[in-house]
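Structures are listed in the sections that come next.
One chain, chain A, appears in both complexes that follow, with chain B as partner in the first and chain C in the second.
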Partner chain A sequence: MIRGRGTTFFCGSSARVLNGVCLLLTLVALLCLPIADIQIYQVDPWAELGRMGTGLIWPHWSDAWELSRAVGQTVAFALLAVAIAAPVGLLLAMLFHWRSVRILCASVRSVHELFWGLIFMQIYGLSATTGLLAILVPFSGVFAKVFAEIFEQQSLEPGRTLSPKVMGLRRYAYTLIPQSWPALVSYTRYRFECALRSSTILGFIGLPTLGFHLETAFKQGQYAEAGALLWAFILLIATLRFWLRPRLLPFYLIIAVVLLPETVGFSNGGYLWQFISRDIWPAPLLAGEWAQATQWYIELFQSQVWPALVQTLALTQIALVLSALVILALYPWATRSMAGPMMRWPGRFLLLFLRSTPEMVLAFVLLLLFGPSGLPAVIALALHNGALIAFLVANASDAEWGGRLSRPDDPSGLKRYAYLETPRRFPAMLAFLFYRWEVILRESAIMGILGIATLGFYIDSAFEEIRYDRALVLILFTAGLNILVDTVSRRLRRLAHPEAHLEASGIDEKVDRDNG
Partner chain B sequence: MSPHKTLVRLRHESLSLGGHKVLSDISLSIKSGEKVALVGPSGAGKTTLLNLLYRRVPELCALQPQAGGLVDLLSAYQNIFMGALERVGTLAALWNLVHPLAEHRREIEELARLLDIEEKLWSSVDRLSGGQRQRVAIGRALYRKRPVFLGDEPVSSVDPLQAEALLKAILERHETAVISLHNRRLALTHFDRVIVLANGAVRCDCASSELDSSALDRFYLEAGEDSSVIPGVPEHDAWAIGNG
Partner chain C sequence: MFKVLRRVLLLALVLPALAQAETFVFTAIPDADESRLQQRFGKVADYLSTELGVDVQYIPVKSYAAAITAFRNDQVQLAWFGGLSGVQARRLVDGSEALAQGYEDQFFKTYFIAHESAGLDAGETLSEALKGKTFTFGSKGSTSGRLMPEFFLREQLGEAPEAIFSRVGFSGDHSRTIAQVESGAYQVGAVNYAVWEKELANGEIDTDKVSVIWTTPTYPDYQWTIRGDVDQRFGEGFKARVREALLGMDDPALLESFPRKSFVPASNSDYAPIEDTAKAIGLLD
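After this line comes the complex of A and B, so read on.
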């Protein structure tokens, strides 16, 4: 519908519509530049960067046992969380025609794992329960939504040959679930990779996963150890398809339960009620003083919510446009047609490296180099998301190499890049970028935990000061913002390329709302 | 069910899809005990009419859509078993996915002999040929054990001899049947009523004894759009046309 209108406005050139969208986004990002807090504090990051590079090239780890335990616990959290979240999501997907289920899923999804972690930590302490719940609650919502979308794409014919009286689980078990089984499995597999990243960065709030050791190593300047941890993580993801075998899953799950860390501090489920009924509400509200409560909320909005919202959105917009630049700059280096069949491997490796490393880790490293401003966050987001999409774009180009569209007189090099490859990939690339928009927003909010003045910063401080009433308001605003951007990006995606959705449906799962 | 009771009555039904009129002003009724052949060139609206009939009395009908509605990942056995889903509880149905239920297994194996797909009963249906898949789809419809069969070209992908045998089996096991097909000989010999559709309208609705093959040909020719119909083709060669 929207596209139809666009074509009449722009006299039938698809390129002009797309360029218009890009121009608009770039203008918005430029307007955001003066608002966003992006300055370099440290004058000479190069020496530090050199030491980090050395650490990455010569990784070293003295205590192999501790390293393997950190890897084991990272995998354990991710595996158990996905093992629970996927069936829960499947059940919810079967009920997705209920509005209440859709709203529930959208709301649990819109709060980042780290924020869930901070919430559950108040109730269950630094425990295995906290780590598991932090991943599986938002993941259940994501699984439900994506599984329901996969079901929607299936043919309705098998269902129509059944008796109309066959309902619920029986109907799903024989029709939609087996019909979409390969898609369900491949999405769950991809989601497990996301869970590994989530599990890693939960270390930043104290759980004993790789992130915890990474943060410690980086903060202490032990870059060789940090390098070893990073390599361990990259290897874990790169070898996923070799060790993640369906048959070995029961075995892995048992080991995962054994490996879960013991509870540190307290674990008090009975505290839950007090948390919900008292702690998350401001004192005037509990006392029934409505005027003062309203005043409290208005003040909080003016002093924290508004500036944080502005900062989060500004950084998101800049990161979005930078991601596009990263894609355009990096994807040719990983293609057969432009880098060559052999020379594309270093490019592909770089993209895989950037794609596998969680944004939080990238941002944390850059933060050490550039000082505490929005700049590291923006660069990290652009590198991670840009590399992720560039990888998909390069794959799409390779898939077409030598295909029915290629001609012997096709240009090569820069001409090929400008006249052939980029125009062909552009619509899908934009569609992917809009898919990632919401993810970039979620991530730039969460970057606040590292000390950048986005929503996450205020949420983290509220938790630190044990002001759960404030944390609740901030989290609700963050969630609302996510839902809003999700809606806008879905509209824009249709505008950018209505067919891209269909074309990309095979790789949708790779770019859909994952958390990095 | 008492014979000759009206099952479905359509009165001046019209249906448009995307601005295109698929059915226009259809009035007809189907009585129980009738065996109705639905013929007419491709695009005449046969599928839409069958779906319309199905929606009126879904609980009485075993529907066999044109593509068969098979679930690729499941075995032929499971695909046939699906016809019985309403007769088994949820837990039994889930267990059957892991281990076939003995009584159903016996019955379905017998059905598979009739359909000549015994050897393929435990292969997933994505490994079967078009004809085998169609026989599995027939198996599911038969296993529904409903009084009314609604089939959209149910025997279009099997060879002539088998098609006739399968059609007989279908008609024997159902009190009432409405089946669309392109093979005019089968339509005239196995059914007692023939409805000819063209361009979404009923062109002829009469007893099969009142029609002959050349009369049917004329309806195809009048519709004028279906180039696959070659007039004057001898009866036994009509298969080449009928498989479309």
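After this line comes the complex of A and C, so read on.
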């Protein structure tokens, strides 16, 4: 049958344990401060920031057709990738009791979409195939993991009514899938928003999505156009619940296939073999010179892998704690109970803005403010991820507003924040945060543009220098680090919220309740 | 075992291969003005199509590496490369050849620029005063924004950039380099002179804040490179006709895309100094 259930993992989520975990993480972050490459430089950013602000307030795009095509292709990639990744993830989730499947899923999702994009580009060129695979491969791994967690939470009772001879797939088809259907659907819906972000980001490496034009506009300092693109993307996310209707999906999928960019000039697929048999191995290894090959790997480890590993981890830990502070500072402004039914909208808008703006763009703006170091990266990560979680936390608070837990004598204002809301939201907030930990780590790896030597910096260099042998080693270590953090965060998540694995079930039920 | 694996993998590639058509495709490294690429290079494609009598298409790419990869994988047969990316691409594709370079590319140069707060004065050489400053290159794969400035830094100050400066960044783009030095995010930067001159002429640079402190000696840069197998695919003498078409491009509207005055003949050996430099600083093995 299916593997040992989460329920057997008993652990009281006593306040003391949680506080201990928080204290420990804060201490670790403080210890990371001297290691992390953080500095503030004297800068003179106001002219540039002024131009950016103007662009954001007066966005401009001359070619409406080009803009709508970019929006269409962004949605098309995301939609098709999720449409394929969700069923694949579901199948894998049913096989999640096999260790090999778990390891496979952990490894595919530990590599950032951008890096998958760079890898597939070596094989499939600049094509729709590359874009789709870059999203759907890691997303399948994520779906598998979260769907498996959802299955774990289901009651065993319906399963007991089946004959003990009914095994495997049929057991899922008749009990677990119908039982967890709403959770599966709402998670898939949430994941679609993430896919939109990924699809946008893939434009940075050349796919014709919004990111393609956004990167250009930012690079060229055309902030009115950058503003138009940012607004278009924010509007896309903000209106998601109005246009993403299950009944319209078949129609959307057909349009998506039509909208996919045609592949120009790619004619030869024989490079996959060359890529995996030659390109990703160092010359001494291919020549069979084992001693030299070992030397090559040791040198790479000492000069790049190890220092970058330390740097990446240090930045991640600081960003994690900073994200928690961002959540605590921002979420009350977006709630009915503390900001008020009307006044919560500016707060909600701020959170929408921060979570929709790609971290790279945030980091770039912060680079102008603070100068080049790990600081812009850490703050960008904290703002983006903090806003994302603060939004979920605020939704959870709103969902409870006026419900059976509320009493006429509930305090208001700061007292409500300190003694009622925050303590109630805290375990869920931590669970979300531990889930995003892995994501923060992945994203800190791609902040190499800031001249901080993270793993992403070296991976990017390896691709730029056409040194795939180095890229492979660096990506494998990045993936290993991700898997490690994922394991720890899984443990901590259970500690924070033993009865519910949040990202899976919590988020969207709350969002939906809020929307409904 | 390997044979089976190989078959399966090749089979997986049938899908993209179905899109095959005898179209002559080219690309250009993303370097100066990236906006409206499709429009600008679309015109170049139309010109080449008329001259060569085959269907010509342009695909935009986002990075030097993507341009090299597309060239290597035969997604594009012709590319407008930088000095370094051209060398990298030709090492990966046997028989490929540099056809033509811009007139200006015979004596290209890099400007070192500095924010006024750095207190650096223009001079004949790079000075020791650079030590401890923050510094940004352009893109990692750029000749004028990375390779040559790094070479001259090492030559004149005897150390790697990381040892000279307190921080070394990669802005990713020449325009970004200018913007970041102008805002003081980095104190010093190295930039393609053509991009600087163009932005200066457009009045986009505040020269009270940022100025040129040193100009490198000249070196060969951008060039058109073509794959060696085009004659087999597009007919005998195709390569020669491409070269002719490129050299004969005299419409200012087309040349503006690069931006170059005209194109002159080039050969692989013109770029031997670039290859040697890349090897010397460890960018090529």
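The criterion applied here is as follows: the second predicted complex is superposed on the first by the 424 of 516 C-alpha atoms of A that agree within 3 Å, B and C clash if a C-alpha of one lies under 4 Å from a C-alpha of the other, contacts with A are read in each partner's own complex, and residues count from 1 in each chain.
Heads up, the rule we're going with is that contacts are C-beta pairs under 8 Å (C-beta built on N, C-alpha and C of every residue); 3 or more make two chains touch, one makes a residue touch a chain.
Please read these numbers as outputs of a predicted model, since none were measured by experiment.
With both complexes superposed, C is the one of chain B and chain C in contact with more chain A residues. Look at A:Ile440: by the touch rule set out above, it reaches neither chain B nor chain C. Contacts of A:Leu162 after superposition: chain B is touched, whereas chain C is not reached. Of the two partner chains placed by superposition, A:Ala134 touches none, neither chain B nor chain C.
Using the contact criterion defined above for the overlaid structures, shared-chain residue A:Arg170 touches chain B, although it does not reach chain C. Legend: residue contacts after superposition of the two complexes on their common chain; A:Leu492 is shown touching neither chain B nor chain C. Looking at the shared chain after the overlay, A:Pro178 reaches chain B, while chain C stays out of its contact range.
On chain A, the surface touched by chain B in one complex and the surface touched by chain C in the other have no residue in common. Touching chain C in their complex are the following residues of chain A: 39, 41-45, 47-48, 118, 121-127, 129, 203-206, 212, 215-217, 219-222, 225, 262-273, 276, 283, 367-368, 371-373, 448-451, 460-461, 463-466. Across the complex, chain A is touched by residues 6, 9-10, 12-17, 19-21, 23, 25, 33-35, 57, 59-66, 68-70, 72-77, 88, 92, 115, 117, 134, 136, 139-141, 167-173, 175-176, 179-180, 182-186, 204, 206, 209, 283-285 of chain C. Taken together, the chain B residues at the contact with chain A in this complex read 54, 58-59, 62-65, 67-74, 78, 82-83, 85-86, 88, 90, 93-94, 97, 137, 140-141, 144.
In the complex of the two chains, the chain A residues touching chain B come out as 155, 157-166, 168-171, 173-175, 178-179, 181-182.
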